[in-house]
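Okay, got some structures for you below.
The following pair of complexes shares a single chain, chain A, combined with chain B in the former and chain C in the latter.
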Partner chain A sequence: MAEFRLDCLGEACPVPLLKTQKKLANLKIGDLLIVEIDHSCAMKNVPEWARKEGHHVEIEETGDGEWEIYIEKTK
Partner chain B sequence: MKLEENKYFKAVVKDAWPYTLGAVLLALLNITLFISNGSPWGVTTPFLYWATWIYKAFGGQVENWVYFNNPAHLKAINLSFLTHGGSLMNIGIIFGAFIASLAASQFKIRKIKSIRQVIVAISGGLLMGYGTRIAFGCNIGAFFSGVASFSLHGWVYTIFIFVGAWIGSKLLVKFFM
Partner chain C sequence: MQTNPTVTEKGTVRQRKKKKNQFPVAIVILAIVIWFAIILGQKSPRLALSWVFGIAFGVVLQKSRFCFTASFRDPVLTGSTSLTKAVIIALAVASVGFAAIQYGAVSKGLPVPGFVSPVGWHVAIGAVIFGIGMVISGGCASGTLMRVGEGFMMQWLSLLFFVVGALWGAHDYGWWKKVFIDGASGIHLPSVLGWPVAFVLQLLVLGLLYIVADQWGNRQKD
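Let's look at the complex of A and B:
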């Protein structure tokens, strides 16, 4: 079980989502991916996609207009 | 209890409103605007006037341009930021969005990540600006107000926005991934 960080700060939609999809595909089951974002629409579409794929998702607000999305790969 | 944890504050100020609520509010506001103003909502034409006013302030001449043969446009170029309704609405949108993001503590000046991002943003902006002139508006003026006015141009716009979005996403994946 490893932990990975993906820096998407300063990236506008849909780049964070595309990068998350690409990164998560290379991870093993049980791995944790932390996506750093500062574009509010990525806070909606990244978790939405990950939940639909069946992964565990949590969002944390880390600062003004900054979030970390925790995605645990489950399959 | 902290304000941030209040469920009403969270639903109204902090979280994004549901799409359906936004759609109904936009429809009602556009109807109100159409009744009071005689023309539905548009965003990009005022931006053209802003550029025209700036160009005129530096001594530029636009009165003989083909585009300004249209009496509505010709009338607008003699107005200003504070006397043109559409411009006031655009200023209101920018100001309102600013207040909303401050209230939700989500205001942030984002860093520029790479020179590539700058080039893509500027060329994208120029293409969109040019597009709005040949399409008679953006997704507000041409799509939202155009389709609601039963105008054929709104539907032509709708078909081609999908074509454009498809090509745009292919380019995006090619240049940013």
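Let's look at the complex of A and C:
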């Protein structure tokens, strides 16, 4: 149950998604990955991809135009 | 709810950054938009209409997270086709509208409104180059503009070079047109196939693309 943060602030999509995919592949099941983003497009495609993969996903707006995506690796 | 600290699964408490209340700014901007629309309206109603439609288009684009780039990129990258389907639906709706406008004009004996551009290899090649560019820069024309407005500063840079590229392209357009475009001719499908066939064919192709996109999207789930 380790927790990791991934700083994607200032990265345009699709970079946050690619980074998330790479990072998540290295995590163990049950680990939590927190992706920080400020590109509205990544707010859509990162959660969509992660949900499709079957992970638990939560999104939270932490500031104006800044979001944190919580992804719990489930498989 | 919005101001509570977040508790993650590990039980750590995270304090959120305080959000600025953007509502007063929104009211001021709305007032400016309306004021400017009135000024434009006094010059010409058409200008005011364009202004209002432009603003509305931007709002819809931003709120719906609609992105032409993602619609072509995500099927390959993530297997998600929700935006692809959205674009196909938008094209279908637009086709109906355009057909109505064009048919209305043509049946009155007027020339076909809108752009009937020459088709040829130059379109395919240009589209591929544009596609590569929009994925790297993080947005197509409308997407870049929308994110410039959202305050995503990296794309202010995209916009700058977008303008530079567009100006350069416009400067040399005469040469490109002479060498590549003049050989090709514009095809207006309804004029060639007749209105019913062209209309049904267009919607049929879009429908087929929608089915393909839908199945591609579901395929990845397994």
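As a convention for this text, the second predicted complex is superposed on the first by the 75 of 75 C-alpha atoms of A that agree within 3 Å, B and C clash if a C-alpha of one lies under 4 Å from a C-alpha of the other, contacts with A are read in each partner's own complex, and residues count from 1 in each chain.
What we mean here is this: a residue touches a chain if its C-beta (ideal position, glycine included) is under 8 Å from a C-beta of that chain, and two chains touch if they have at least 3 such contacts.
Since the structure is predicted, the reported quantities are computational estimates derived from the model, not experimental observations.
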{"item": "Which of chain B and chain C A:E36 touches, first, second, both or neither", "value": "neither"}
{"item": "Which of chain B and chain C A:M1 touches, first, second, both or neither", "value": "second"}
{"item": "First (chain B), second (chain C), both or neither touched by A:E66", "value": "both"}
{"item": "Which partner, chain B or chain C, touches more chain A residues", "value": "C"}
{"item": "Contacts of A:K44 with chain B and chain C, given as first, second, both or neither", "value": "both"}
{"item": "Partner chain in contact with A:K22 - chain B first, chain C second, else both or neither", "value": "first"}
{"item": "First, second, both or neither for A:L9, with chain B first and chain C second", "value": "first"}
{"item": "Set intersection of chain A contacts, chain C complex versus chain B complex", "value": "10-11, 14-15, 18, 38-40, 44, 63-66"}
{"item": "In the complex with chain A, residue positions of chain C that touch it", "value": "6, 8-10, 16-17, 19-20, 22, 62, 65, 67, 69-70, 73-74, 77-80, 82, 135, 137-139, 143, 147, 150-155, 158, 220-221"}
{"item": "Interface residues, chain A side, partner chain C - complex", "value": "1, 3, 10-15, 17-18, 32, 34, 38-41, 43-45, 48-49, 52, 60-66, 70, 72"}
{"item": "Residues of chain B touching chain A in the complex", "value": "16, 101, 105-108, 110-113, 117, 169, 172-173, 176-177"}
{"item": "Chain B-touching residues of chain A, taken from the complex the two chains share", "value": "9-11, 14-15, 18-19, 22, 38-40, 44, 63-66"}
